[in-house]
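Attaching a single structure in structure tokens format; questions to follow.
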């Protein structure tokens, strides 16, 4: 096993969480939700505030932080996106609003907590040696959490009424409305769940690396690339895209050195946008009538 | 007094950035969040040429313009193949990548520590040192940028740009080579940001990656949109207002770190509010819509 | 009679569905050719293929002896093919005059250098302004020239798109539902204009659901159903063809 290859799984797990949440809002909410990056940061800081500042033990702190983050996601949806959608805003308009929202959220966090780097201390230096790679407890937590959450999401989307409603709206909002599904509620659910996923990703990242107000931008980018590569709109797509991205970055680091790993991600993004923008598992959108 | 001159100079630099981004996003409908990256390319080019080769301003400018024009084309190429939302993603990727290069290519760019001690510019033997001289230079460049954009958008070419923005298919059906126009605008837009970059590097005599982040790109977009996408006067007014905002906040007694965050919250919120209620901005005529 | 447009055995498949299936049509010069058929027959797709908005999977399209298969839409437009769209494409927030001025070909002012320097531009603009006004007079929109295109009625907007095609100096006009959804008076005006254009040397290929209109002005009619040509001939003959009647009824 080449050194560090298993770490790829860890990164991919985080990207996949971000990608899954993002694509949920994109397909069901029809918004290019850049603010997703700030929601992720909210997750990290919620955990920090609860666990480090307020001393709440991890076990209640994590679900509380998830709840807080979901709230933030739902607020963005109901305060910003929903009214605009009701007025018939175009996708580009929503996207720009999302950019503004990202800036607002990120700076609120800066104001509340300061720009300095924080850390969420953990006594987890222990780990296991798996196939020649040293995986810490954190790494294993990330993998396990991501696997569980993504599997849970897949089940939710397939088997529950809410999930089916969200998929219906993603496919065709008008048709869904006629069948008795409320697209606005579906979009709200999508943003809640996506925020929870982003929050989880944020918390996992926070425990693994540092916490800063701008920490969300990179994972958002990577999640975007993963989503586009795998196909925005399915959980397997998010997972597959994340894996492909992780492997490609690993190849880049191995061949060219670690400072080129972002370049690798960008090249993959461009290639897919040019050749197959709907991703590996995605279906080509019906060609709009000219 | 010096302080007012300083503020005016910064406003002037942002006017150039806003006007060039307006050409791309407001008039041609090419929404890019990589503008700060272009700005950085211009600034770093000027800084490095100055530090290592001590070149006069005009030569610096020509090379910076070339560098920015080339990078501008790289930013623009995806727009020929992908739809708007995904094009923004591509520009975001390029923006993040460029800043990463600024931060990591320490041997050339100085990494996070940046490039200090950039020499002052010389124009035909005259060294620009005082605030007044810098303001004049900035003013000249700003007027140049405004003139270029005004002429372009007021001409038959401007008509084609509107068509590219509103309905690409219609434009093509009338024989307009949409791809070529897009790339040309990226070259020109890029070249204009070089003006701002060169000024910035020489004026501050120190640059580092933090001036060219994605938040800066969004700030420039906010100026364009709040001032009115599709309105040059709007870009000028918008730049003046949004750049001066933190100064107004400081007079209200807010500490400087807080002021920076509040400023960003304000422009972020302005951007959201504009999109919600008046997508065409304050002075602009065209809503941010596309077919 | 010379064929201005020759479509030979063209096919296009989307998602496994054959939108156009081995179609061959020849449009002769100075003729009005109608293209009819039930919804979803592939008529607009055929137009998109001819104009280069879609690449064909198979077959060849020749305009004035020159193969245009695989050319980009702007190049095909410049060769002399004008097009109107089913969903009425034009610039709404811009004046009627500016829409027409946009359509003129070979404008020096559209080049970056000339736009910046402004040399030939002023005189050219003046000339084009006059041409645009006379074109608008020809279609009957002279009094609306300075207003925004969105202020026009639906029928007037269709006249505007026709004026744009004329401004292009296109010799072949591909019109997608030129009189659909318009009140009879404007409809009549458009049909008269089309006939005048034919007399003036233009060739017109049009898609229409209004069979009366088709019968009134077409020299030749082609019928499509499910991507295939099922009949062609004079309007009278075609509209009595049992295969055609069946296609419309099912």
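When the chains are written out, they are named A, B and C in that same order, and each has its own residue count from 1.
One rule holds in what follows: a contact is a pair of C-beta atoms (placed from the backbone, for glycine too) under 8 Å apart; a residue touches a chain by one contact, two chains touch by 3 or more.
Bear in mind that the values here come from a model prediction, so they are computed numbers and not experimental data.
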Q | Most remote chain, CA-based centroid, reference being chain A | A | C
**Q.** Most heavily contacting chain pair (counted by C-beta pairs in contact)
**A.** A-B
Q: Using mean C-alpha positions as chain centres, tell me how far chain A is from chain C in Å, no decimals.
A: 47
Q: Give, as an integer number of Å, the spacing between the C-alpha centres of chain B and chain A.
A: 30
Q: Mind checking the centre-to-centre distance between chain B and chain C? Centres are C-alpha means, answer in whole Å.
A: 41
Q) At which residue positions does chain A touch at least two other chains? A) 290
Q.
Where in chain B do residues touch at least two different other chains?
A. 169
Q | Residues of chain C touching at least two other chains | A | 53, 85
Q) Where on chain C is chain B touching in the complex? A) 51, 53, 72-75, 77-78, 82-83, 85, 89-94, 98, 101-103, 105, 107, 109-112, 114-116, 118, 121, 124-125, 164, 168
Q | In the complex with chain A, residue positions of chain B that touch it | A | 31, 33, 78, 81-86, 88-90, 92-94, 96-97, 100-101, 104-105, 169, 213-215, 218-219, 221-222, 225, 257-258, 261-262, 264-265, 267-272, 275-276, 279, 288-290
Q) Which part of chain B faces chain C closely enough to touch in the complex? A) 148, 151-152, 155-160, 162-163, 166-167, 169-178, 184, 188, 285-286, 291
Q) Any idea which chain A residues touch chain B in the complex? A) 32, 34, 80, 83-84, 87, 89-97, 99-104, 106-108, 110-111, 115, 214, 217-218, 221, 224-225, 228, 259, 262-263, 265-266, 269-270, 273-274, 277, 290
